[in-house]
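Same chain, two partners: subunit A is paired with subunit B first, then with subunit C.
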Partner chain A sequence: MSLIATLARLEAVSTGRAQPAATVRHRRLSERPLVFVPLTTAGEAGAPLGALVGTDRDAPHLLVVPQPRDRDLRFAFLSELADIVLPYIDTYADDVEAAERNETDPETGKRVKVEVELCADAPQLIVPSRAGIDFVRLLGRSMRFRRTAEQDPEAPYPAPPRVPLLGRWLTHFGERARVPGSSLLLAMTDVLSRHWATGQSTLEDQHLGALLAWIAPPEGETGAEAALRAELARDREGQLLCPPAGPATDPAFDNKLLAPAIERYDRARTALAAAEDGLEADDRLGDLTAAEREIRALVESRTRPTWDAVWRGLELLRELPEAGRVEERWTRDRWSFTGHRDRVVAGEPPQPRRDDAVTAANKLAAREREQARLEAQEALDDPLVMAGRRLAGEAFAGEVTEVVMAYSEGKRPSPRPLVTVRTDDRPHLGERAKVFRSLGGKPQAAEFVGYEGELEDGGALVVLRALDKMGRGKEPEEGSVPEKGDLICFTTFEHEQRGGAKLPDPEQTPWTHGGPPGEQESETADPLTAEDVL
Partner chain B sequence: MPLPRTRGTALRHRLAELRGPDVPAKALDARALAALAANPGCKRRAILDGAGVNKAALAGALGSPSVFGQSQFAFTRGNAFEAKVKADGGAELLRLVHEKLDRTAEPPAHAHVPELTATGPEGRTARTALALREATEASGEWTLLDHPMLALDVAGSPAFLEPDAVVVHPDSSWTVVEIKSFPMLDGSADPAKVGAAARQSAVYVLALEQIAARLGSGPEGGATPAPRVRHRVLLVCPKDFSNLPTASAVDVRKQRAVTARQLARLTRIEDIADTLPAGTCFSPDLPTADLTAAVESVPATYAPECLSACELAFHCRARSRASGAVTSLGRSVRAELGGLTTVEDVLSAARGETGDPDDPAVAALRRAARLRAEALGTEAVAPCH
Partner chain C sequence: MTSAFDPGAAATRATDAILRDTLHGTARGVVVDSPPGAGKSTLVVRAALELADAGRPLMVVAQTNAQVDDLVLRLAEKNPELPVGRLHSSDADPYDKALDDLPNVRKSAKAGDLTGLSVVISTAAKWAHVKVDEPWRHAIVDEAYQMRSDSLLAVAGLFERALFVGDPGQLDPFAIVGSEQWAGLSYDPSASAVTTLLAHNPELPQHRLPVSWRLPASAAPLVSDAFYPYTPFRSGTGHDDRRLAFAVPSDGSGPDRVIDEAAEAGWGLLELPARHTPRTDPEAVRAVATVVRRLLDRGGAATSERSPDPAPLTADRIAVGTAHRDQAAAVRAALAELGVTDVTVDTANRLQGREYDVTVVLHPLSGRPDATAFHLETGRLCVLASRHRHACIVVCRAGVSELLDDYPSTEPVQLGTLVKFPDGWEANHAVLARLAEHRVAWRPS
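Our next item is the complex of A and B:
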């Protein structure tokens, strides 16, 4: 944590309210996000218990698995989920605009521009917490290798149609969420704690209820009090007033409410199966429906508060104006979405269980690049983030006190003006270090020449030589050179990220990295055991 | 290494006093021992654990009940999975041990599964030690010990531990087996959970090493070398989304070293006990005020990580916050603040009201406050110079 962030947290402690950690919103929020609040069954892998999902704050879809250990009921849940999520994704897949992409021509080997489609907007999934993102990945992994009856008529326990497709999409969302600065799949706690500093630790910030309590405490209460209530307060039956945001449930809820309800459901189901005539069956079906209704009510009672909290968080975030460079990062998300849409349409197989060496290296390189890009862009968009960089000596701001025209030596002299900046910051500038400022959205480079004397008040006079973006002529273009009295800010980090060295094609993987992957063998489905209930 | 008898007895007596009259000692399990390593500097935790105080009951009596609990779904699933792994005399389990740890050995066609039942933990410990000796002497055979009981000396009193299983290889080496019900997905599992399992197994390894050392220096006068306790334990988990077992060898050398060091340091419990005022008692039956005073008499080292490891964490957090300690925001926070330890100190130093401007921490703080105020467009909180 930087000192500025620490200071913000301490101010939050003393004022009893979260303090701003950003002045603008650094993530894209879709006009119509799909909010997903899942619950899982304790101790089981990939056995969802239920979920609230939808794009309408007032009308979420409630999906429930009354007996999470029953494969058919789980499939029914996933099938319902697919019927909500996939149409939502499809609305974005069809609206496209023309764009250009650089591709290598397979015949000539030259880089050429190719006209391609780019989706005009992309879907956005929002889950309450980071554990929710992991659960989306897990669901994706559990579904994408399933076989439907149509794909493989021989498959035992075929999955309902569209479930494998949902698995591929959720995998894509989960994978994209690992790219810094992306907004296709967001965890509400992450986004909120990016923009506000609370008076508690980052660990405690993982609790959505407590985090919101700090950001927007109820009238007449401090954030600390409200957060404590959200974390710990229980009703007379020992149930948490603010249920955990999931997907894990509170053990007290499992043991006292859910387990008895599931037991009643099981009993009603056994009784129905044993019914001997129609009349009896009708009666017992009534019991079964009642038991199922009870579980539905329980699941809704644990997910609804989280659902409301996520929407409350969205409301708070929308009050912040969007940062200038968010649009550019969202365009990358749109490319990512379009790319996966094309792979699905082209009939490519689902994402493999493990990436080959080249794909994995590419992914890592991309994440590193995006991390650097995000850090630079957030600083340029937000003076509060820049303040942190200035404190760290990675940027400095000040007033231009003098500009002396100078020229490069050489046949065609170009302008290389010397700019003196008076700053109170203490940048770490090495000999001839390069620094950058934003000039009309583009970075202008300058070179550190030296310090000019010491100032009594601890400030410094930094002399820089501007290097580019001044046009082709002998005289610099209008406005391309700072003038005396201008307030400007230079950074020691680059504003735009260059890609690293190009990696070889997967077929050229060196033996040190396992060699070429060989024939793409299609991934087999997970083996299924006949017994489904442990 | 063993303390003089009188001293050991005196300590045990003193710890029983701290626990309170008629309060049975809460046995330290491997999980609790492993958690000690998470916050070794905390004297409060050390003395309470060392004295066998039931911290959950204590936290309840203090008015900040702990939130730990296990869902019965997880519990049922865990037990069912363990039973499945150990079915058929442990055939599947031994197959996994052979495949992951000891491929050169004879495949385990049949194995000894000695009966380990006995009365009381001491009896079970003795029975386990005997079974281990027999299995070690009968080299060339596989032996599976299902739920053995091991004793580990913790600060002068024995803690009884029950690993899921211990396997004796044909070469007479021993392996700890840990069965967990979280899934291993495509060959990898949740690192946090694997870490916890590794720390827990490391405690078992330490306990086994004590037994092995005793076997080696047995009545034969060291004729038999001490059997080797393998430092790679076997972690058995369900494979992907099924209930089929799969396993992975986990190297616990590091966890073993850390835990061994922590346990060695625990002997200082005596020193902590000596600093307590006479008559201090942690019995949950005492009035809250007395209990609070007793708990306050031992310093705690609260950090947010405690919330997931210690029953008393919410009490310590409330205290830490009330005293304005900056560490309640995280351990890393302190690193940049130098000698300033309370929220008010830091803020007043940032405002320029207190603190020595030549102190680098104070100077950095003032610069940070000025930059933050400038960025937010608020009035500068600190007069600059």
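Our next item is the complex of A and C:
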């Protein structure tokens, strides 16, 4: 944890309120996000119990699996989910704008510009917590290899028509969420704790209720008190007042309320199946419906508080203005969305279970680049984030006290002015270290020359030599060199990331990495086991 | 006396076998494990010269520009006639200016300018941008254990066969984002290049260099037992071959006593009272700086097998190692206050591959309330404890062994990944147990 984050947390403890960790919002929030609050069944990986989902705060869709171990009911749930999520995604797929992309011409091997479509906006999924992102990934994984009756008439348990497609999309969202700075799939706890520092540990920050309690405690209560209540307070039946944000449920809820309700449902179903005539069946169907309604009510009672909390979080985040470079990162999300849309349309197979060597290396490189980019952009967008970097010795700000014109040696001397900056920061500057400042959105590089004496108040005079962005002439362009009295900020980290080297194509995987992966065979769903069938 | 172990002969046998497999073997790759100071660079230079002599175009992949420049200089020293290409980046000052004085070294940012030269050397990052129609016949990959698997993937298409050399005990490569997604895959891009190489080619001949010429007889057994339990190595020198003496006698202070202890035993532990501190623990930092100051003030002289006369212990023969960059910065500031310049102060990552007469180490776990995977990493401690030719002085707060016992490991277990032995917990205990024998407790006033 950085020093400034520690200080902010200490301040949160002493004031009883979360402290801002950012002055602007560093993630895109869609105008119309799809909020998804899933619950899972204890002890059954990937068996959804229910969910609230939708784009309207006041009218969520409630989906429930009354017997989570029943495959048909699970498919019905997934099918309903697909009917909500896929149309939502489709609304973004059709609205496109023209864009250019660099591609390698297959004939000449040269890089050429190609006209392509870029979706004008992208869908956004919001789940309450990080565990929710894992659950989205798990759902995607469990669905994308399924076969529908149309794809494979022999499939013993064909999936409903749109379920495999939903699996592919959820997989894409889950995978994109691993890219630093992306906003296609966000966990509310992550986004909130990026923007506020609470007086509790980062682990405790994963509890959405406790996190919101710190950020916006009720009147007359401190964040710590409110957070403690959110975590522990129970009603007379022993149920948590603020149920966990899921997908896991509270064991007290499972044991005392859910299990008996599911048992009643099972009994009613068995009884219905055993009904001997229509009249009896009608009667027992009534019991079954009542049992189902009871489970629905239970699921709603556990998801609704979380649903409201997610929207409350969105409200708080919307009060922050969006940071300047969020749009640029969102554009990359749009590219990612458009790319997957195209792959689906082109009839490509679902994402494989495991990445091949080249894909894995490419993903890792891209994510490392995005991480570095995100760290730089957040600092440049936000003085509070930059303050943290300054405190860590990775940046310094101050006033220009002197500018001396100087020139490079060589046939065509270029301007290399010496700029003296008076700063109270203590940057870690090695010999001839490169530093950067933002000049009209572009980074201008300078070289650390040395310190000029020490000041009595602990400040320092840093002498730098500006290196670039001053035009081609002998005299620097207007405004490209700092002037005396300017307040400027230099960073020791680079502002922009270079693209990495191009890796070989998967068919060219070298012998050190096992050689080419071979023809990709279409992967099938996991085989059935005895536990799969009720 | 143990049976007559002739370190020179053992090292020669190992080197001969490596060169035989490299030059005349049939395998596409040869892997050489080299413990600290075992003559890895010498081996690389020798293999390069022999491959060049055999007329096989050779590319050499190193990990940093400093390593590349160092190799070029060593090659030119051994054979000034050899045409060597130094492929460099297009940044400003891309290579060591000393290379400009070498007539047979051609430097360029374009691989095309260097075709036809016997040896072309560059960093993995730069090689990754090179495209060739016909691959090099041979490559040497230096510091292969510090190279990431994805970085090998980017360059492996450039050569037909390769010699991979490195030290498995040093720091593993790392990624700045999570890579659990690929844990357990044979080609996990965040794993080390050698791990991936051997997972796919288990039949490749593997050698190791059996003798450390750097580590003194006092240090080799500990480093070998603690960090290389299954691949032991020996020191190339005996207990009487090296001596560290000081002209100015001890003033009885903690720093002086630990210096004397280390001069005598090869190890010294300056133990400060137990306390939880910030990372840049001011007392510990000051203690480190004081020890360095006293090392210089007391007129140290190092006698070794290299020369009959003692060599003065000067600032450039001393290094300070820390776990974090801010700690290094704090030590540098403290040294500047005491008027010490020219002593190398750096993190374990940057001290890899370097060698000094005396090292002063701020223990990675000193003053910490927890023991995270970063601080427990075996390689970090191994690097810090194996940079010295004469003595290593560790500055640490008391209570680290209790911390090790109290703090549970929270790292998730990943299926299919190779478990590294020894783990950091065990290695730390082994080192601490030895250091405890050379402890000087000190309460700074």
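One rule holds for everything that comes next: the second predicted complex is superposed on the first by the 528 of 534 C-alpha atoms of A that agree within 3 Å, B and C clash if a C-alpha of one lies under 4 Å from a C-alpha of the other, contacts with A are read in each partner's own complex, and residues count from 1 in each chain.
We take it that a contact is a pair of C-beta atoms (placed from the backbone, for glycine too) under 8 Å apart; a residue touches a chain by one contact, two chains touch by 3 or more.
None of these values were measured; they are calculated from a predicted model.
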Touching A:H513, do we find subunit B (first), subunit C (second), both, or neither?
second
Quick check on the superposed pair: does A:R178 touch subunit B, subunit C, both, or neither? Answer first, second, both or neither.
second
Partner chain(s) touched by A:E44 [first = subunit B, second = subunit C, both, neither]:
first
If you stack the two complexes on chain A, which partner ends up touching A:A346: first (subunit B), second (subunit C), both, or neither?
neither
After superposition on the shared chain, which partner residues are touched by A:N255: those of subunit B (first), subunit C (second), both, or neither?
first
In the overlay, answer first, second, both or neither for which of subunit B and subunit C A:R354 touches.
both
Of subunit B and subunit C, the partner touching more residues of subunit A is B
I'd like to check the shared interface: which positions of subunit A are touched by both subunit B and subunit C across the two complexes?
354
Touching residues on subunit C, where the partner in the complex is subunit A
28-29, 92-93, 125, 128-129, 149-150, 152-154, 156-157, 175-179, 181-182, 185-190, 193, 196-197, 200-201, 325-326, 329
The subunit A residues in contact with subunit B across the complex are 1, 3-4, 6-11, 13-14, 20, 23, 41-46, 138, 141-142, 199-204, 224, 232, 249-252, 254-255, 259, 353-354, 383-384, 386-388, 390-391, 424, 457-458, 526-529, 531, 534
Contacts from subunit B onto subunit A in the complex sit at residues 67, 69-78, 80-81, 84, 181-183, 185-186, 238, 240-244, 304-305, 307-308, 314, 321, 324, 326, 328-330, 332-333, 336-337, 343-344, 346-347, 350, 364-365, 367-369, 371-372, 374-376, 384-385
Residue numbers on subunit A that touch subunit C, as the complex places them:
178, 180, 354-358, 360-361, 363-365, 367-368, 370-372, 392-393, 428, 432, 467, 500-504, 508-515
